[in-house]
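Take a look at the structures listed below.
One chain, subunit A, links the two complexes that follow: it is found with subunit B in the first and with subunit C in the second.
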Partner chain A sequence: MKYVAELKAKIREKLPELDVVIGWKQGFDPVHASPAFMTTPEEIEQLVVNPLCVQNLATYLPGLKGKKVGIVARECDTRSIGELLQESLIEREELTVFSVKCPGAVDLVKLRQQVGDLGRVRSISFDGPRVTVETPDESSSLDLGELLPGKCRVMAYDEPVLADFRFVDPDQDTVCREEADTDLVALEQMDLDERFAYWRGHLDRCIRCYACRNVCPMCVCQDQCIADTRDPHWLSAETDVRQKWMFQLIHAMHLAGRCTECGECERACPMDIPILTIRRKLNREIHELFGYTSGMDVDAVPPLLTFQPEEKSITEREW
Partner chain B sequence: MVMGDLKFCPKEGLSRWVEELSREHTVLVPQQAGDAVEFLPFAEGSELSLDRQPTAPPKKSVFPQTETLMRFEYQKDPEHPDRQTLQIKETLPGKEKTVILGCRPCGARGFSVFDPVFGQGEYLDPYYQARREHTVFVSLACRHPENTCFCNWVGGGPADSAGSDVLMLPAGGGYVLRPVTDQGRQIVEVGGFEDASPEQQTEADRLAEEAAENLSPAPELEEVPDKLFELFENLDFWELMAAKCISCGACTYLCPTCYCFNISDEYSGLQGKRIRTWDNCMSNLFTHEASGHNPRPTKAQRLRNRVGHKFSYYPKLHEQVFACCGCGRCIKSCPMSVDIREIVLSAKEYADE
Partner chain C sequence: MKIGVFVCHCGSNIAGTVDVAGVAQAAKNFPEVAFATDLLYSCSEPGQEAIVQAVQEHDLDGVVVAACTPRMHEPTFRRAVERAGLNRYMFEMANIREHCSWVGKDKDANTRKASDLVLQAVEKLRFDRPLQAKSFDINKRVLVVGGGVAGIQAALDCADGGLEVVLLEKTSTIGGKMAKLDKTFPTVDCSSCILGPKMVDVSMHPNITLYAYAELESVEGYVGNFEVSVKKKATYVDWDKCTGCGLCMEKCPSKKAYDAFNEGIAPTRAINIPFPQAIPKRAVIDPTYCRQFIKGKCGVCAKVCPTEAIDYEMQDSFVQEKVGAVITATGYDLFDYRKYGEYGGGRYPDVITSMQYERLLNASGPTGGHIQRPSDGREPKKVVFIQCVGSRDKSVDRPYCSGFCCMYTAKQTILTKDHIPDSQSYVFYMDIRAPGKMYDEFTRRAMEEYGAQYIRGRVSQVYPYKDSLIVRGVDTLLGSQVEIEADLVVLAVGAEASRGASELAEKLRISYDAYGFYMESHPKLRPVETNTAGVYLAGACQGSKDIPASVGQGSAAAAKVLALFSKDQLESDPQVALVSQARCVGCGKCVQTCPFGAIQLAEDRAGNPKAEVIETVCQGCGLCTVTCPQSAIQLQHFTDNQILAEVNALCQQAMEESFES
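And then the complex of A and B:
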């Protein structure tokens, strides 16, 4: 990205006022980026911004409350920051947002489907919408649009929800786009038995690692999650599909109208279970009921964090 | 190795062999589920997925995520309502044989870390022992090490036979089968295969060597157990290492050598069962004591435990063997790309300022 040098310079300038700046750096191999916690100029030098920078770094913010934190954030990531602010889970004065124009993102599962085992990738490079991947066997030229995670196909963000500094590349168009949510529509069209069988099949391989929960920027019960407490004993310690499904439903209910659809739950799932769809469904219900979209307006009160004596769109009395 | 011990299984003969084995045993083979690859029971029409390292290792076949230790039931005495009797029912695993076919050598090697803890010494675990004795591992040697593979750091290799009963070595459009144990020999016999030709054997050895050469060189780790011990109190170091960790259990639950467990009673009304379930040291409830105190209150202490257990405490107790098989799943499945190799090397190279 053309703005990276400018971004690094700005972070260097602001670093003395901050405890840490969170960004991305190259991870353990060519296709993996990793969150970077920058506290020195040398660490800022390692900062990268490219379509492999897939982690939503906002997830670290509630845990750093009380510190002065800088964060490098794509447009969609600022939506999570917005919702965290709306819920007073972080403080605006403690936060410096270095907003970057999103260079697009690579869904590593889709990449694997194209080029085979990612552990054999020797190099990957980006040139506009072209992605070139080298393995010992072959070189593939792919279209970034085909590798986008599902979340980038149903919601488009041109501008950040909030920013202290903004970095754009004039040649770079918005990569995400707003298309019909085909995954969700397909699920809605299934009858109940079919849908139940679908989730049963997928959740059977859940290992209860709770990567989906721990990576979620909006999951704030932290160490008090009802999924693991013994008292009250909502879920058993068994690993049957009932417990797994129950957890997913509880998680989705807790996120209704709060989830910013960043897709981290689904990305983090080591067993590739398509769990973002459940959250999207609940968000859509909230949108239909309250006309509300989470995280887009820092001053808005989320509908489930308040109540009206009479809700406009809930016609209880006419039953 | 006795000549004639090595057999050759052509690629197209593999599913016939698996089918044959599945008549007498449960055969778990890697199969695609969604976009993951898991060990699932072979059934007619099952497709083997052997090209990718399975997403989860075959750990749960011997050490299930939920093991029922016993069932129990309280009975009320109608004459004396204040009295209850307790009936306990044993639930030891059966003696049916299970064959795991197509795991990688590192996946089978994982159990060699379990054995000294559950199957040897003063305290024997009958559940583990029963499953371990009745499970046969047919491992597929690796041809193409991945970026995350580091079996050579911890004493393994792409064609390592430790923990396996049979090694399948790719060669000549099929596999040279090398039995490692008597159980393995019996399993190979079921296939009725021809002897492997000298050419096939030579090719198998050559490919195995090539794979070993493709691994990045292993660093010297001898001083690591002591180094980690010295760093125990250095929370600054561990906070730095754990900064990006989100404290989930993906690394531990996908690890072929992580064996920590929890025991709990699950009951409804007067009946219930005592179960043993996988635990993971990344969870805040791990070692959370009844008093409310937790000696590992933050993710830094918890990550320290994970790395320390594998590369310091375990080797100090068990003949310098690392409790890690180098499969790399904790690295590639970590949502935040935490790399245990980097932590081990940072500890090794750590110098006090």
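And then the complex of A and C:
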């Protein structure tokens, strides 16, 4: 991205006031980027912004509460920051948001389906909507639109929820788009037994690695997580579908109206379980009940975090 | 831990459809149960004694009683275990009557369910810990909301008992519906003659502070320590200066104002004192009719007022009061007679409500006590009364009997005959409900001595004919249609919940039924208490009532307050939320969700924000405990561990079955 030089200069300028700035850098192979924690000017040089930078860095913010933190964030990432601020899990004064216009994102599962074993990829380059992937055997040119994760297809973000500094290339278009949520519609059309069987099948594959929990920006229970705590003893350690089911559904319920649909849970899941769909379903229920979308307005009060004797759209009685 | 289980027969209430001995036998195998038996009536004195003895003999640490609803006897058994030397919270109740024996007929299934419920209680008890109540000081003042006869009685009784009373009235005078009535049944004595002295007593009593033309804005706090904000609505007249001389009313040029006191049968002036015996006797300007407010010029009242009391710039003001208890006596409102299109109420001027008729009968009413038809002022000779207008009718969502309409209609037929000796009254009725002292005799007198003609049946239509009205209905006793040419039709409108009752209930955190009437704590045994400690009910706000019942309830509510205030301190309920400092991350979600403002953010020694529960304010609703993501807040006696133990006791088996398929 052209704005990266400008972004690095701004981070360099602000670094003396900050304890750390979180961004992305090239990872262990050509197709992975990894989070970068920048504390020195040299580390800033490693910063990259490209469609491989898929991690939602807001996940690190609650753990750094009390420190002055800068964060490089795409538009959708700022939604998670917004929700964290609403819930007082981070402080606005401690935060500097370097908002970048999203260059798009690559779902590595989809990339693997196109080019095979990702370990064989020698290089990957981006030119607008084209992605060029080199392997020892061949060079393929792919459409970035085809590689987008599901979350980039159901909600479009043109502007960040909040930003201290904004970086946009001239003529840069928004990559994500709002299409019909076909996965959710398909699920809703199943009858109860069919749906039960669907989830039973998927959740039975869960290996309880808790990657979905660890990567979730909204999971803040730390070592009090219901999955780990033995007081109360909510879940046993058995590898039984009931325990997995219970964990996944409690996780989803705790995110009702809070989940910012960043899709990190699904991305981190080594078993490719479509768990984001459960969260999207719950969020849609919340939206229908309260007309509320999580994280989009820092000053809004989330409906499940307040008490009102009467809710506008919930009619308990007729007079 | 050693647990004792006592399974109650409740006569045949439980034993009829549950094998209680079998349940007790099964309970012996439940974890940590050291003793189990069945009792004929566990709440009886020998029953309680058996529990106390068993605790002492078997050295029990906790007790489960499987019997009726805890709403009735939980306090009884808590006292019993306390007598036996245990903490009163080391007790659990399994409801095997309402939740089991009364709802099922299959004895085997009931017995299994009763065993499950006992197991659930045992599992919970294993996690119970002794809890200690704390004491707090109380403010011995009482707020009475509503200055009708029930509120007046409650205020006077409390004041006579030595309490300071704050009496709140929405309109500009106390007296309520009773002040509008001409006579009262069954004695036909003058309503204002018997109410008037009580109203004067209120204004003279040194212990009563009266806020008329005022409403309850907000209520904070808890039993013993409520803080209420009273909104004094702008009257545009300085009541400290107003002497109630009425000169302004005489001179006011705006003569078309709606007269709420006279039920709108005649207009009044824009500045108004509702009636001569009003307490306080002070004028109020109605800005929707006052020319000064509509046109910006007039000022006649300001000019004529001898004490310069008129203040067009007046604003609503607020007063804060601290009280320890609240009595709600907000009364009722009348059914909207326009809802029955077939009766023509609101369309034909000579179809009026019973309350409007009352104002026509009343010597202080707009006609000076002469019955005149609203249309042409003519004296009616034939008056038709239609009963149950908005009572006992599901089609208008009023299935209940208002209770007093039969009686006031009988009274009005008597008064009609007294006023116009050559008149004839007809009453269309469904049933005559006259179950009070001297009530049935009274209705018989209306028929036999005063010649009122009672027709058992409903009216299908009222329509105008020449200058009178044709009332067409059915006489179900004769089995024939009847048509009566009437000069005046009086609709006996029923009672419905006072407008704004639900908003007030929410401020006071009391519950109300499907029709908006306030819910008493127990329909038979706690008729003036609510489920919110320190809030009591008097009069028709709890359900339609006549004057004697309302007065009785006013006194009853006052007695409850006097009993409450007979102690200097109250005990707080220890079943409140408690924060685990180690788990709390200080996000403040609980502070936002608490409906009672019982949680605040404080700092721990390291300066980290932590939630803190104000124990006396907490009502133990549990909202915070489900909001807290870390489970850092636990409701004492209903902790996650305790509830989980209950769920596991009941659901393990069911869950296994649903996943086995």
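Note that in this section the second predicted complex is superposed on the first by the 317 of 319 C-alpha atoms of A that agree within 3 Å, B and C clash if a C-alpha of one lies under 4 Å from a C-alpha of the other, contacts with A are read in each partner's own complex, and residues count from 1 in each chain.
Heads up, the rule we're going with is that contacts are C-beta pairs under 8 Å (C-beta built on N, C-alpha and C of every residue); 3 or more make two chains touch, one makes a residue touch a chain.
Just so it is clear, the model here is predicted, and its values are computed rather than measured.
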Touching partner for A:Pro35 - first (subunit B), second (subunit C), both, neither: first
Dominant toucher of subunit A (residue count), subunit B or subunit C: B
Contacts of A:Lys2 with subunit B and subunit C, given as first, second, both or neither: neither
First, second, both or neither for A:Pro232, with subunit B first and subunit C second: second
Touched partner set for A:Val220, first subunit B, second subunit C, both or neither: second
Which of subunit B and subunit C A:Tyr210 touches, first, second, both or neither: first
First (subunit B), second (subunit C), both or neither touched by A:Arg120: first
Subunit B versus subunit C as contact partner of A:Phe307, first or second or both or neither: second
A:Arg92 touches, of subunit B and subunit C: first, second, both or neither? neither
On subunit A, the residue positions that both subunit B and subunit C contact, one per complex: 222
Residues of subunit A that touch subunit C when the two form their complex: 87-89, 220-222, 224, 226, 229, 231-234, 241-242, 254, 301, 304-307, 309-310, 317, 319
Subunit A contact footprint on subunit B (complex, rising order): 33-36, 38, 51-53, 55-56, 65-66, 144-149, 243-244, 246-250, 252-254, 262, 264, 266, 275, 277-278, 280, 283-285, 328, 331-333, 335-339, 341-342
Residues of subunit A that touch subunit B when the two form their complex: 27-30, 32-37, 55, 59-60, 109, 112-113, 116-121, 136, 202, 204-205, 207-211, 213-215, 222-223, 228, 230, 236-240, 264, 267-268, 270-274
Subunit A partner contacts - residues on subunit C that touch it in the complex: 502, 506, 514, 516, 583, 585-589, 592-595, 623, 627, 629-632, 639-641, 644, 655, 659
